[in-house]
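Which chain is which? They are A, B, C, D, E and F, in the order written, and residues in each are numbered from 1.
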Amino acid sequence: MPVITFEGPVIENLEVKRKLVQKLTDAAVETFEKIPREAFIVLIKENPPTNVGSGGTLLIDRSKP
Amino acid sequence: MPVITFEGPVIENLEVKRKLVQKLTDAAVETFEKIPREAFIVLIKENPPTNVGSGGTLLIDRSKP
Amino acid sequence: MPVITFEGPVIENLEVKRKLVQKLTDAAVETFEKIPREAFIVLIKENPPTNVGSGGTLLIDRSKP
Amino acid sequence: MPVITFEGPVIENLEVKRKLVQKLTDAAVETFEKIPREAFIVLIKENPPTNVGSGGTLLIDRSKP
Amino acid sequence: MPVITFEGPVIENLEVKRKLVQKLTDAAVETFEKIPREAFIVLIKENPPTNVGSGGTLLIDRSKP
Amino acid sequence: MPVITFEGPVIENLEVKRKLVQKLTDAAVETFEKIPREAFIVLIKENPPTNVGSGGTLLIDRSKP
């Protein structure tokens, strides 16, 4: 612990996941200097646009031209 | 924010997802009249019956004849 | 199951909580007609403005005149 | 309710899921003797090593020789 | 990781929390023999009956005589 | 959306919360350059040491001399 859960879009590129995990952990470590870096867990949760609603509309319906 | 997370079964039909997101948002907007509709996020989380336990038994084992 | 988690503001009025739980459940029941009403669980999670960030700023700092 | 969410690795074997759900429920039932076993829900969330960070590094990068 | 989140009632007695954390961890360790006990995190989330709905009704309204 | 949930210790100092929200959002914005900063939500969840288990032991019991 601490556990950082990132609910976001589908991420195709593994390099983006690497960057996200590293940067989120950096942010947390810089804030909690007494908690060892190893203690921080990040969970990346990928949500397809068919499964996310904003303002009552699915994202997949929002992105249509 | 607010964020509504719906942990439920697998949903094959996109129309059902549309209806769920719209109705959950309607319910929240009717309750919090001062929060703009656009602020409400819904996350649909689909759980296969192999990954859900009820009373200590997997749903997939419960539905067997 | 299903489980609906509502991450929202602090709610002072119990009547608002009653309405929210009822309306969210109505919304879900209308969408999943084969799942009995009793199966639906709603968890209301109250988040003070000191604990929510939007665009990198705490809500409590956003609401200042 | 109660709802137990298990965020863990990908589980290939259905028997492992059966055992996990049963044992987690046993643990909870032994702790809360007044809550009927049927009330306990378990959600198994499988996280691939590409989606979990520990100490700022993806698990998939940690397991490389 | 893994992370076990227990969404349940308010727990007044610290001893009950000790027992819950130990038993849930035992259950997980017995299921995943290759994951060291130290890796398992348990988060106890206490939900007052005013914040939980079942079948569309707040638990606090269900327990009234 | 995206929604970043930080499950961590109790944070007494508001300034630490400000820093955490800002740095987590910076980290996410730097990773997802196409998503506007305003879209990112951070939820800070404070867990007392009586409610967190590590390796089967409550944190409050671990910190005793």
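Things worth noting here:
Note that in this section contacts are C-beta pairs under 8 Å (C-beta built on N, C-alpha and C of every residue); 3 or more make two chains touch, one makes a residue touch a chain.
As the structure is a computational prediction, the values presented were derived from the model and not from experiment.
Here subunit B and subunit C face each other with the same set of residues for the most part; over half of the interface numbers are shared between them. With centres defined as mean CA coordinates, subunit F is found 21 Å away from subunit D.
The distance from the centre of subunit C to the centre of subunit D, each centre being the mean of the chain's C-alpha atoms, comes to 25 Å. Multi-chain contact residues of subunit F (touching two or more other chains): 1, 3, 7, 24, 26, 41, 43, 47, 52, 54. The touch graph of these protein chains has some other shape, matching none of line, ring, star or complete. Against subunit E, in their complex, subunit A makes its touches with residues 1, 3, 41, 43.
On the side of subunit F, the complex with subunit E involves touching residues 7, 47, 50-58, 60-61.
Taken in their complex, subunit C has these residues touching subunit B: 1-9, 16, 19-20, 23-24, 26-28, 30-32, 35, 47, 52, 54, 59. Those residues of subunit C lying in contact with subunit E across their complex are 14, 17-18, 21-22, 24-26, 29, 37-46.
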